[in-house]
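Note that the chains are named A, B, C and D in the order they appear, and that numbering of residues resets to 1 at the start of each chain.
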């Protein structure tokens, strides 16, 4: 299963090189992850308020293949590749039409918001992902 | 007439005060203006590529009334208050449900992308706005 | 008295119009305010941690006069125009050499971080500003 | 040789998790790379205006080890690990005092600004780096 979220490219995302600033894709991917969580029934704002849990980015391997430009519509797809202990492995791809623009492998760690210490991914989240984590 | 565009609040929009960073509303409003232009048939990316025209912000008067928070859905409404020469007057309001969070009066100036000199708003844009610029 | 803080313009600050994105100046001005506070002996991080106080932007009137570009060095000057109750009035100007690029009038409100309710500006801050708030 | 650039952490860099937003480190690293280039005599703004050359990020491998917080001063160190054809390999580390917060391996590609096609890193840049590319 793959969850997708899309946005148009506005001036705020671009830089003087005429294309999307490389850091802006991290924002698109954060939105994509948040909406994927919501599609599984988990709200990141509720998670931090009610349970004191935050998923933080631990590792991020990005390949920029082709630039997006002002006015483009880009789509972020997010796939879960595994959950183990406090870690959540994701793959995210930013595409324009069928073209891959940026691909990413991301390791998130579930931490206590108070002290940022790792804590096991809650069972209900693990169960929800296990139903959908069967590749693209 | 009023055009609306909405977004959810992600971590990227917030700051350590626990609410949306005051600068992030400018991004929401830029997206709202771009989508309002599109709804009238004008694409800002085409405008700069084909006609060498950009609308730049000249004046911006903002009142921050109440903060948005992580997970909120906010809506930006945009109303045209007048066009004269190179200037376009807009009002924008960011709301959560029916509550006004941020209100803004904005003067845009139409400029040549090459030298940033003001140039009259194209007649087709003026005509398109005149059909909708009758307040909220 | 006027406090100044400066930065170079990097790609991250620019947009596809070839100049600095209008929202980026709010970041420069926030840095300028924070460093002005530090120059008077007040650290905004300590204020929120120890006293639970945050200065939030309530009103912001901006005039964009001329754009900054990639590689420019810009300077933000900050002047206090008055303190009354919970409110702090500032003027900020972003310059490149002697040219004014953006001018701003800003009203900050001192709030409790917990509930964002206004609270009087602490006397020590008021006293520190009163020594320097004599215009440019 | 290692070039360093530093910044204080302002609200604009943080998020509602109470620490620096993971995307903000990319901005710090871009500033660090730009200043490293300047220290070697190359201005990225001049490069694009006069020679039509831009260094774009192609690969980015990041490890987030510990978070920076509001008010911290962080330092970005940049080391060149090699230049080959159009590619420039860098290592960047963001530290607070002696603690490594974020480490990154980055591949930049030199491209023509007009069409984003790769082009060999100019000999003068290669020569300048070869004098300093001897590790930390």
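Quick note on the criterion: a contact is a pair of C-beta atoms (placed from the backbone, for glycine too) under 8 Å apart; a residue touches a chain by one contact, two chains touch by 3 or more.
These figures come from a predicted structure and were not determined experimentally.
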Most distant chain from subunit D, judged by the mean position of its C-alpha atoms: B
Between A-B and A-D, the pair with more C-beta contacts: A-D
Gap in Å, rounded to a whole number, between the CA centres of subunit D and subunit A: 23
Distance between chain centroids, defined by C-alpha means - subunit B, subunit D (Å): 33
Separation of subunit A from subunit B, taking each centre as the mean of its C-alpha atoms, in whole Å: 27
Subunit D residues counted as touching two or more neighbouring chains: 11-12, 16-19, 23, 26-27, 30, 48, 69-70
Complex contacts: residues of subunit D adjacent to subunit B: 11-12, 14-19, 21, 23, 69-70
Subunit B to subunit C touching residues, read off their complex: 16-19, 22-23, 26-27, 30, 48, 54, 56-64, 67, 113, 116
Of all residues in subunit D, those that touch subunit C in their complex: 8, 10-12, 26-27, 30-31, 34-35, 43-46, 48, 69-71
